Amino acid sequence: MKTDNEPISITVEYFAQLRACAKKKEETHNLEQGDLSALYARLKSQYHFPLERHSVHVAVNDEFASWDTVLRSGDRVVFIPPVSGG
Amino acid sequence: MKTDNEPISITVEYFAQLRACAKKKEETHNLEQGDLSALYARLKSQYHFPLERHSVHVAVNDEFASWDTVLRSGDRVVFIPPVSGG
Amino acid sequence: MSIFQITRDPIDLASLRSTLLDSGSGGFVSFEGWIRNRHNGREVLRLEYEAYDKLALTEGSRILAELRNQFGLSGIACIHRVGLLEVGEVAVCVAAAAEHRRECFEAVSLAMSSIKRRVPIWKHEFYADGGDAWVQCDHDH
Amino acid sequence: MSIFQITRDPIDLASLRSTLLDSGSGGFVSFEGWIRNRHNGREVLRLEYEAYDKLALTEGSRILAELRNQFGLSGIACIHRVGLLEVGEVAVCVAAAAEHRRECFEAVSLAMSSIKRRVPIWKHEFYADGGDAWVQCDHDH
(Lines give C-alpha, C1' and ligand atoms only; values in the text may rest on other atoms or scores of the structure.)
Protein backbone atom coordinates (compact mmCIF):
# COMPACT_ATOMS: atom_id res chain seq x y z
CA MET A 1 0.00 0.00 0.00
CA LYS A 2 1.18 3.48 -0.95
CA THR A 3 2.08 6.02 1.66
CA ASP A 4 0.96 9.64 1.43
CA ASN A 5 4.36 10.76 0.23
CA GLU A 6 4.87 8.32 -2.60
CA PRO A 7 5.15 10.14 -5.98
CA ILE A 8 2.37 9.61 -8.46
CA SER A 9 2.20 9.68 -12.22
CA ILE A 10 -0.59 11.56 -13.98
CA THR A 11 -1.40 12.66 -17.50
CA VAL A 12 -2.40 16.23 -18.34
CA GLU A 13 -4.12 17.12 -21.58
CA TYR A 14 -4.26 20.70 -22.89
CA PHE A 15 -6.88 22.47 -24.96
CA ALA A 16 -7.31 25.86 -26.62
CA GLN A 17 -5.08 28.67 -25.26
CA LEU A 18 -3.57 26.40 -22.60
CA ARG A 19 -2.35 24.08 -25.35
CA ALA A 20 -0.97 27.12 -27.17
CA CYS A 21 0.94 28.13 -24.01
CA ALA A 22 2.18 24.64 -23.13
CA LYS A 23 3.02 24.02 -26.78
CA LYS A 24 1.92 20.42 -26.41
CA LYS A 25 -1.26 18.37 -26.50
CA GLU A 26 -0.49 16.23 -23.48
CA GLU A 27 2.23 15.15 -21.13
CA THR A 28 2.90 12.93 -18.14
CA HIS A 29 3.91 14.37 -14.78
CA ASN A 30 5.51 12.57 -11.88
CA LEU A 31 4.79 14.51 -8.73
CA GLU A 32 4.16 14.47 -5.00
CA GLN A 33 0.61 13.82 -3.96
CA GLY A 34 -1.51 16.93 -3.97
CA ASP A 35 -4.74 18.41 -5.18
CA LEU A 36 -5.76 19.90 -8.52
CA SER A 37 -5.22 23.48 -7.41
CA ALA A 38 -1.59 22.71 -6.54
CA LEU A 39 -1.11 21.11 -9.95
CA TYR A 40 -2.63 24.09 -11.75
CA ALA A 41 -0.46 26.53 -9.78
CA ARG A 42 2.62 24.58 -10.77
CA LEU A 43 1.73 24.40 -14.47
CA LYS A 44 0.54 28.01 -14.59
CA SER A 45 3.94 29.07 -13.34
CA GLN A 46 5.81 26.69 -15.63
CA TYR A 47 3.96 27.63 -18.84
CA HIS A 48 2.89 31.19 -17.98
CA PHE A 49 -0.81 30.40 -18.39
CA PRO A 50 -2.62 33.75 -18.66
CA LEU A 51 -5.72 32.40 -16.90
CA GLU A 52 -6.32 32.65 -13.17
CA ARG A 53 -7.70 29.52 -11.57
CA HIS A 54 -11.11 31.07 -10.95
CA SER A 55 -11.74 31.30 -14.69
CA VAL A 56 -10.74 27.70 -15.37
CA HIS A 57 -12.60 24.47 -14.75
CA VAL A 58 -11.01 21.09 -14.40
CA ALA A 59 -11.89 17.50 -15.24
CA VAL A 60 -10.40 14.25 -13.95
CA ASN A 61 -10.93 11.09 -15.96
CA ASP A 62 -13.45 12.85 -18.21
CA GLU A 63 -15.71 14.23 -15.48
CA PHE A 64 -15.78 17.69 -13.93
CA ALA A 65 -13.94 17.79 -10.60
CA SER A 66 -13.49 20.26 -7.76
CA TRP A 67 -10.14 21.98 -7.21
CA ASP A 68 -9.58 20.26 -3.87
CA THR A 69 -9.73 16.79 -5.44
CA VAL A 70 -6.59 14.86 -4.47
CA LEU A 71 -4.86 13.27 -7.43
CA ARG A 72 -4.24 9.55 -7.69
CA SER A 73 -1.71 7.80 -9.84
CA GLY A 74 -3.02 7.16 -13.33
CA ASP A 75 -5.43 10.13 -13.27
CA ARG A 76 -5.98 11.96 -16.51
CA VAL A 77 -6.43 15.71 -15.92
CA VAL A 78 -7.84 18.33 -18.30
CA PHE A 79 -7.90 22.03 -17.48
CA ILE A 80 -10.83 23.75 -19.14
CA PRO A 81 -10.34 27.39 -20.12
CA PRO A 82 -13.48 29.51 -20.65
CA VAL A 83 -15.59 27.70 -23.23
CA SER A 84 -16.91 29.36 -26.37
CA GLY A 85 -18.90 26.81 -28.31
CA GLY A 86 -22.13 27.56 -30.13
CA MET B 1 -75.40 62.72 -55.78
CA LYS B 2 -76.88 59.99 -53.56
CA THR B 3 -79.15 60.82 -50.66
CA ASP B 4 -78.81 59.08 -47.33
CA ASN B 5 -81.78 56.83 -48.04
CA GLU B 6 -80.80 55.53 -51.42
CA PRO B 7 -80.30 51.71 -51.41
CA ILE B 8 -76.78 50.45 -51.91
CA SER B 9 -75.33 47.27 -53.36
CA ILE B 10 -72.56 45.47 -51.54
CA THR B 11 -70.82 42.12 -51.81
CA VAL B 12 -70.33 39.83 -48.81
CA GLU B 13 -67.82 37.02 -48.82
CA TYR B 14 -67.96 34.14 -46.33
CA PHE B 15 -65.20 32.07 -44.79
CA ALA B 16 -64.93 29.08 -42.47
CA GLN B 17 -67.98 28.36 -40.29
CA LEU B 18 -69.83 31.42 -41.61
CA ARG B 19 -69.56 30.01 -45.14
CA ALA B 20 -70.79 26.68 -43.81
CA CYS B 21 -73.84 28.45 -42.27
CA ALA B 22 -74.57 30.67 -45.27
CA LYS B 23 -73.97 27.71 -47.60
CA LYS B 24 -72.36 30.05 -50.10
CA LYS B 25 -69.00 31.65 -50.81
CA GLU B 26 -70.33 35.12 -51.58
CA GLU B 27 -73.41 37.08 -52.48
CA THR B 28 -74.60 40.56 -53.32
CA HIS B 29 -76.98 42.45 -51.06
CA ASN B 30 -79.09 45.47 -51.91
CA LEU B 31 -79.90 47.28 -48.72
CA GLU B 32 -80.59 50.56 -46.98
CA GLN B 33 -77.54 52.49 -45.88
CA GLY B 34 -76.25 51.37 -42.54
CA ASP B 35 -73.15 50.29 -40.71
CA LEU B 36 -71.37 46.95 -40.50
CA SER B 37 -72.95 45.99 -37.19
CA ALA B 38 -76.44 46.36 -38.73
CA LEU B 39 -75.37 44.18 -41.66
CA TYR B 40 -73.95 41.50 -39.36
CA ALA B 41 -77.10 41.48 -37.22
CA ARG B 42 -79.22 40.99 -40.35
CA LEU B 43 -77.08 38.14 -41.73
CA LYS B 44 -76.65 36.50 -38.32
CA SER B 45 -80.43 36.31 -38.06
CA GLN B 46 -80.89 35.18 -41.68
CA TYR B 47 -78.28 32.40 -41.58
CA HIS B 48 -78.30 31.57 -37.86
CA PHE B 49 -74.61 32.39 -37.44
CA PRO B 50 -73.53 30.86 -34.12
CA LEU B 51 -71.03 33.66 -33.46
CA GLU B 52 -71.81 36.79 -31.49
CA ARG B 53 -70.50 39.99 -33.00
CA HIS B 54 -67.88 40.45 -30.27
CA SER B 55 -66.06 37.33 -31.42
CA VAL B 56 -66.03 38.35 -35.08
CA HIS B 57 -63.87 40.87 -36.90
CA VAL B 58 -64.79 42.53 -40.16
CA ALA B 59 -62.97 43.79 -43.23
CA VAL B 60 -64.12 46.18 -45.93
CA ASN B 61 -62.30 46.17 -49.26
CA ASP B 62 -59.57 43.93 -47.86
CA GLU B 63 -58.73 46.00 -44.78
CA PHE B 64 -59.89 45.60 -41.19
CA ALA B 65 -62.75 47.95 -40.36
CA SER B 66 -64.62 49.00 -37.23
CA TRP B 67 -68.24 47.93 -36.70
CA ASP B 68 -69.57 51.49 -36.96
CA THR B 69 -68.16 51.91 -40.48
CA VAL B 70 -71.00 53.04 -42.78
CA LEU B 71 -71.25 50.97 -45.94
CA ARG B 72 -70.95 52.50 -49.37
CA SER B 73 -72.21 51.05 -52.63
CA GLY B 74 -69.66 48.69 -54.15
CA ASP B 75 -68.07 47.76 -50.82
CA ARG B 76 -66.81 44.23 -50.42
CA VAL B 77 -67.38 42.96 -46.88
CA VAL B 78 -65.78 39.96 -45.17
CA PHE B 79 -66.74 38.82 -41.70
CA ILE B 80 -63.85 37.15 -39.95
CA PRO B 81 -64.69 34.41 -37.45
CA PRO B 82 -62.04 33.57 -34.81
CA VAL B 83 -58.87 32.74 -36.69
CA SER B 84 -56.91 29.53 -36.15
CA GLY B 85 -53.91 29.58 -38.43
CA GLY B 86 -50.47 28.34 -37.47
CA MET C 1 -36.08 41.46 -45.87
CA SER C 2 -39.47 40.24 -44.67
CA ILE C 3 -41.74 37.95 -46.70
CA PHE C 4 -45.12 36.43 -45.88
CA GLN C 5 -46.48 33.85 -48.30
CA ILE C 6 -49.44 31.51 -48.61
CA THR C 7 -49.15 28.31 -50.61
CA ARG C 8 -51.34 25.37 -51.56
CA ASP C 9 -48.26 23.16 -52.09
CA PRO C 10 -45.96 21.49 -49.55
CA ILE C 11 -43.74 24.13 -47.96
CA ASP C 12 -40.23 24.25 -49.40
CA LEU C 13 -38.26 24.56 -46.15
CA ALA C 14 -34.82 24.64 -47.77
CA SER C 15 -35.80 27.49 -50.06
CA LEU C 16 -37.32 29.48 -47.18
CA ARG C 17 -34.06 29.05 -45.25
CA SER C 18 -31.89 30.01 -48.21
CA THR C 19 -33.69 33.34 -48.64
CA LEU C 20 -32.43 34.25 -45.14
CA LEU C 21 -28.75 33.32 -45.54
CA ASP C 22 -26.60 36.32 -44.59
CA SER C 23 -22.93 36.50 -43.76
CA GLY C 24 -23.53 39.21 -41.15
CA SER C 25 -25.91 37.00 -39.16
CA GLY C 26 -24.77 34.62 -36.45
CA GLY C 27 -28.18 33.24 -35.45
CA PHE C 28 -31.02 31.60 -37.32
CA VAL C 29 -34.23 30.25 -35.77
CA SER C 30 -36.91 28.35 -37.58
CA PHE C 31 -40.33 27.24 -36.32
CA GLU C 32 -42.49 24.63 -38.01
CA GLY C 33 -46.11 23.88 -37.15
CA TRP C 34 -46.82 20.20 -37.74
CA ILE C 35 -50.23 18.55 -38.08
CA ARG C 36 -50.69 16.48 -34.90
CA ASN C 37 -52.55 13.19 -34.75
CA ARG C 38 -54.64 14.34 -31.77
CA HIS C 39 -56.46 17.50 -30.73
CA ASN C 40 -58.46 17.88 -27.52
CA GLY C 41 -58.35 14.12 -27.09
CA ARG C 42 -59.79 13.31 -30.53
CA GLU C 43 -57.84 11.43 -33.20
CA VAL C 44 -57.22 13.73 -36.15
CA LEU C 45 -57.26 12.29 -39.69
CA ARG C 46 -56.56 15.46 -41.65
CA LEU C 47 -57.11 19.21 -41.68
CA GLU C 48 -58.21 21.78 -44.15
CA TYR C 49 -56.78 25.29 -43.85
CA GLU C 50 -58.51 28.15 -45.58
CA ALA C 51 -57.30 31.74 -45.90
CA TYR C 52 -58.78 35.10 -46.74
CA ASP C 53 -55.76 35.45 -48.99
CA LYS C 54 -55.59 39.15 -49.62
CA LEU C 55 -56.00 40.33 -46.04
CA ALA C 56 -53.91 37.42 -44.73
CA LEU C 57 -51.01 38.53 -46.92
CA THR C 58 -51.40 42.17 -45.88
CA GLU C 59 -51.64 41.40 -42.18
CA GLY C 60 -48.96 38.71 -42.22
CA SER C 61 -46.55 41.02 -44.04
CA ARG C 62 -47.33 43.80 -41.57
CA ILE C 63 -46.51 41.50 -38.60
CA LEU C 64 -43.18 40.43 -40.08
CA ALA C 65 -42.14 43.95 -41.08
CA GLU C 66 -42.91 45.18 -37.54
CA LEU C 67 -40.79 42.41 -36.00
CA ARG C 68 -37.95 42.93 -38.44
CA ASN C 69 -37.69 46.58 -37.37
CA GLN C 70 -38.30 45.92 -33.69
CA PHE C 71 -35.50 43.35 -33.43
CA GLY C 72 -33.16 44.61 -36.15
CA LEU C 73 -33.34 41.25 -37.93
CA SER C 74 -31.44 40.74 -41.15
CA GLY C 75 -34.53 38.88 -42.36
CA ILE C 76 -37.74 37.12 -41.40
CA ALA C 77 -39.98 34.96 -43.56
CA CYS C 78 -43.15 32.93 -43.19
CA ILE C 79 -44.96 30.49 -45.43
CA HIS C 80 -48.41 29.25 -44.43
CA ARG C 81 -49.94 26.36 -46.27
CA VAL C 82 -53.67 26.10 -47.06
CA GLY C 83 -55.83 23.30 -48.44
CA LEU C 84 -55.98 19.68 -47.26
CA LEU C 85 -53.11 18.54 -45.02
CA GLU C 86 -52.41 15.12 -43.57
CA VAL C 87 -51.00 14.30 -40.12
CA GLY C 88 -47.25 14.99 -40.05
CA GLU C 89 -47.29 17.66 -42.75
CA VAL C 90 -45.95 21.18 -42.19
CA ALA C 91 -48.73 23.76 -41.89
CA VAL C 92 -46.57 26.81 -41.34
CA CYS C 93 -42.92 27.79 -41.13
CA VAL C 94 -41.51 31.03 -39.72
CA ALA C 95 -37.77 31.69 -39.76
CA ALA C 96 -35.55 34.63 -38.87
CA ALA C 97 -31.86 35.53 -38.99
CA ALA C 98 -30.05 38.17 -36.94
CA GLU C 99 -26.65 39.04 -35.54
CA HIS C 100 -27.36 37.26 -32.27
CA ARG C 101 -29.66 34.44 -31.35
CA ARG C 102 -31.92 36.11 -28.78
CA GLU C 103 -33.58 38.38 -31.32
CA CYS C 104 -34.28 35.38 -33.54
CA PHE C 105 -36.00 33.39 -30.80
CA GLU C 106 -38.05 36.39 -29.67
CA ALA C 107 -39.06 37.42 -33.16
CA VAL C 108 -40.07 33.96 -34.38
CA SER C 109 -42.00 33.24 -31.20
CA LEU C 110 -43.84 36.57 -31.35
CA ALA C 111 -44.46 36.13 -35.07
CA MET C 112 -46.26 32.86 -34.39
CA SER C 113 -48.38 34.40 -31.60
CA SER C 114 -49.35 37.33 -33.80
CA ILE C 115 -50.05 35.19 -36.85
CA LYS C 116 -52.31 32.89 -34.82
CA ARG C 117 -54.13 35.89 -33.38
CA ARG C 118 -54.34 38.32 -36.29
CA VAL C 119 -54.04 36.59 -39.67
CA PRO C 120 -57.35 35.45 -41.24
CA ILE C 121 -56.62 31.77 -41.71
CA TRP C 122 -58.91 29.01 -40.44
CA LYS C 123 -58.39 25.38 -39.59
CA HIS C 124 -61.09 22.76 -40.18
CA GLU C 125 -60.30 19.48 -38.40
CA PHE C 126 -61.62 16.08 -39.48
CA TYR C 127 -61.61 13.33 -36.85
CA ALA C 128 -61.37 9.55 -36.91
CA ASP C 129 -64.77 9.40 -35.17
CA GLY C 130 -66.37 10.93 -38.29
CA GLY C 131 -66.86 14.38 -36.79
CA ASP C 132 -65.30 17.67 -37.77
CA ALA C 133 -64.79 21.12 -36.22
CA TRP C 134 -63.71 24.64 -37.02
CA VAL C 135 -60.97 25.12 -34.46
CA GLN C 136 -61.19 28.22 -32.30
CA CYS C 137 -57.89 29.10 -30.74
CA ASP C 138 -58.75 31.59 -28.05
CA HIS C 139 -55.87 30.48 -25.89
CA ASP C 140 -52.29 30.59 -27.01
CA HIS C 141 -50.58 27.21 -27.42
CA MET D 1 -35.15 11.02 -27.51
CA SER D 2 -32.20 13.31 -26.88
CA ILE D 3 -28.96 13.21 -28.87
CA PHE D 4 -25.82 15.34 -28.66
CA GLN D 5 -23.22 14.86 -31.38
CA ILE D 6 -19.92 16.36 -32.47
CA THR D 7 -18.86 16.21 -36.09
CA ARG D 8 -15.93 17.33 -38.22
CA ASP D 9 -18.12 17.35 -41.35
CA PRO D 10 -20.73 19.87 -42.49
CA ILE D 11 -23.86 19.44 -40.37
CA ASP D 12 -26.61 17.47 -42.07
CA LEU D 13 -29.60 19.63 -41.12
CA ALA D 14 -32.20 17.53 -42.90
CA SER D 15 -31.11 14.40 -41.13
CA LEU D 16 -31.11 16.12 -37.73
CA ARG D 17 -34.67 17.30 -38.41
CA SER D 18 -35.84 13.89 -39.55
CA THR D 19 -34.72 12.22 -36.32
CA LEU D 20 -37.26 14.45 -34.53
CA LEU D 21 -40.30 13.85 -36.75
CA ASP D 22 -43.19 12.73 -34.56
CA SER D 23 -46.89 12.57 -35.32
CA GLY D 24 -47.79 13.54 -31.75
CA SER D 25 -45.85 16.81 -31.97
CA GLY D 26 -47.34 20.06 -33.23
CA GLY D 27 -44.28 22.26 -32.81
CA PHE D 28 -40.69 22.10 -34.00
CA VAL D 29 -38.00 24.73 -33.38
CA SER D 30 -34.52 24.70 -34.83
CA PHE D 31 -31.61 27.01 -34.06
CA GLU D 32 -28.52 27.33 -36.23
CA GLY D 33 -25.35 29.17 -35.28
CA TRP D 34 -23.72 30.63 -38.38
CA ILE D 35 -20.14 31.87 -38.72
CA ARG D 36 -20.38 35.67 -38.99
CA ASN D 37 -18.05 37.82 -41.05
CA ARG D 38 -17.38 40.17 -38.12
CA HIS D 39 -16.72 39.86 -34.39
CA ASN D 40 -16.06 42.77 -32.05
CA GLY D 41 -15.54 44.99 -35.08
CA ARG D 42 -12.87 42.78 -36.71
CA GLU D 43 -13.37 41.08 -40.05
CA VAL D 44 -13.41 37.30 -39.57
CA LEU D 45 -11.86 35.06 -42.24
CA ARG D 46 -12.47 31.69 -40.62
CA LEU D 47 -12.73 29.88 -37.30
CA GLU D 48 -11.42 26.74 -35.80
CA TYR D 49 -13.53 24.96 -33.22
CA GLU D 50 -11.94 22.42 -30.93
CA ALA D 51 -13.68 20.12 -28.46
CA TYR D 52 -12.74 18.03 -25.46
CA ASP D 53 -14.81 15.35 -27.12
CA LYS D 54 -15.51 12.94 -24.33
CA LEU D 55 -16.61 15.46 -21.70
CA ALA D 56 -18.36 17.59 -24.35
CA LEU D 57 -20.50 14.60 -25.31
CA THR D 58 -21.25 13.74 -21.68
CA GLU D 59 -22.13 17.30 -20.70
CA GLY D 60 -24.02 18.06 -23.92
CA SER D 61 -26.09 14.89 -23.54
CA ARG D 62 -26.79 15.76 -19.92
CA ILE D 63 -28.06 19.22 -20.88
CA LEU D 64 -30.40 17.84 -23.55
CA ALA D 65 -31.72 15.04 -21.34
CA GLU D 66 -32.50 17.55 -18.57
CA LEU D 67 -34.38 19.82 -20.99
CA ARG D 68 -36.26 16.93 -22.54
CA ASN D 69 -37.61 15.96 -19.12
CA GLN D 70 -38.19 19.50 -17.92
CA PHE D 71 -40.32 20.45 -20.95
CA GLY D 72 -41.79 17.04 -21.84
CA LEU D 73 -40.32 17.24 -25.33
CA SER D 74 -40.85 14.40 -27.75
CA GLY D 75 -37.22 14.94 -28.75
CA ILE D 76 -34.25 17.28 -28.73
CA ALA D 77 -31.02 16.98 -30.68
CA CYS D 78 -27.82 18.94 -31.16
CA ILE D 79 -24.90 18.65 -33.54
CA HIS D 80 -21.83 20.81 -32.97
CA ARG D 81 -19.20 21.02 -35.65
CA VAL D 82 -15.47 21.23 -34.92
CA GLY D 83 -12.43 21.90 -37.12
CA LEU D 84 -11.97 24.72 -39.62
CA LEU D 85 -15.12 26.61 -40.64
CA GLU D 86 -15.58 29.38 -43.15
CA VAL D 87 -17.87 32.41 -42.87
CA GLY D 88 -21.47 31.38 -43.56
CA GLU D 89 -21.07 27.78 -42.42
CA VAL D 90 -23.21 26.22 -39.69
CA ALA D 91 -21.27 25.75 -36.44
CA VAL D 92 -24.07 24.26 -34.37
CA CYS D 93 -27.68 23.20 -34.72
CA VAL D 94 -30.13 22.49 -31.88
CA ALA D 95 -33.68 21.37 -32.62
CA ALA D 96 -36.62 20.20 -30.53
CA ALA D 97 -40.13 18.90 -31.10
CA ALA D 98 -43.04 18.93 -28.64
CA GLU D 99 -46.83 18.98 -28.49
CA HIS D 100 -46.92 22.77 -28.41
CA ARG D 101 -44.56 25.44 -29.59
CA ARG D 102 -43.71 27.25 -26.34
CA GLU D 103 -41.77 24.30 -24.92
CA CYS D 104 -39.76 24.07 -28.13
CA PHE D 105 -38.72 27.72 -28.07
CA GLU D 106 -37.84 27.60 -24.38
CA ALA D 107 -35.92 24.35 -24.61
CA VAL D 108 -33.87 25.24 -27.69
CA SER D 109 -33.03 28.68 -26.33
CA LEU D 110 -31.99 27.26 -22.94
CA ALA D 111 -30.04 24.47 -24.63
CA MET D 112 -27.96 27.04 -26.50
CA SER D 113 -27.30 29.05 -23.33
CA SER D 114 -26.25 25.94 -21.43
CA ILE D 115 -24.12 24.57 -24.26
CA LYS D 116 -22.26 27.89 -24.58
CA ARG D 117 -21.71 27.98 -20.83
CA ARG D 118 -21.03 24.35 -19.93
CA VAL D 119 -19.78 22.29 -22.88
CA PRO D 120 -15.99 22.19 -23.36
CA ILE D 121 -15.75 23.51 -26.92
CA TRP D 122 -13.50 26.42 -27.91
CA LYS D 123 -13.53 28.85 -30.79
CA HIS D 124 -10.32 30.19 -32.31
CA GLU D 125 -10.97 33.16 -34.60
CA PHE D 126 -8.71 34.23 -37.46
CA TYR D 127 -9.05 37.80 -38.69
CA ALA D 128 -8.47 39.60 -41.97
CA ASP D 129 -5.91 41.83 -40.19
CA GLY D 130 -3.72 38.76 -39.65
CA GLY D 131 -4.49 38.40 -35.96
CA ASP D 132 -6.25 35.60 -34.14
CA ALA D 133 -7.92 35.10 -30.78
CA TRP D 134 -9.37 32.46 -28.52
CA VAL D 135 -12.85 33.80 -27.99
CA GLN D 136 -14.04 34.09 -24.41
CA CYS D 137 -17.79 34.30 -24.16
CA ASP D 138 -18.45 35.47 -20.63
CA HIS D 139 -21.59 37.29 -21.64
CA ASP D 140 -24.51 35.60 -23.25
CA HIS D 141 -25.28 36.63 -26.83
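Order of writing sets the chain letters: A, B, C and D. Residues in each chain are counted from 1.
The working rule: contacts are C-beta pairs under 8 Å (C-beta built on N, C-alpha and C of every residue); 3 or more make two chains touch, one makes a residue touch a chain.
On a predicted model such as this, the values are computed, not experimentally measured, just so you know.
Trainee: By the touch rule set out at the top, what is the minimum number of steps from chain B to chain C?
Mentor: Steps on the shortest route: 1.
Trainee: Can you check how far apart chain B and chain D are, centre to centre, with Cα atoms defining each centre and the answer in Å?
Mentor: Using C-alpha averages as centres, the distance is 50 Å.
Trainee: On a C-alpha centroid basis, what's the spacing between chain C and chain D, in Å?
Mentor: 23
Trainee: At what distance in angstrom does the C-alpha mean of chain B lie from that of chain A?
Mentor: 76
Trainee: Which parts of chain B, given as residue numbers and ranges, touch two or more other chains?
Mentor: none
Trainee: What positions in chain C touch 2 or more of the other chains?
Mentor: 33, 112
Trainee: Could you list each pair of chains that touch, in label order?
Mentor: Chains touch in the following pairs: A-D, B-C, C-D.
Trainee: How about chain C: which of its residues touch chain D in the complex?
Mentor: Per the touch definition, chain C meets chain D at residues 14, 21, 23-38, 87-88, 97, 99-102, 104-105, 108-109, 112, 141.
Trainee: Where on chain A does chain D make contact in their complex?
Mentor: 13, 15-17, 20, 57, 59, 62-64, 78, 80-86
Trainee: If you look only at chain D, which of its residues touch chain A in the complex?
Mentor: Going by the criterion above, the answer is residues 33, 49-52, 54-56, 58-59, 80, 91-92, 112, 115-124, 134-138.
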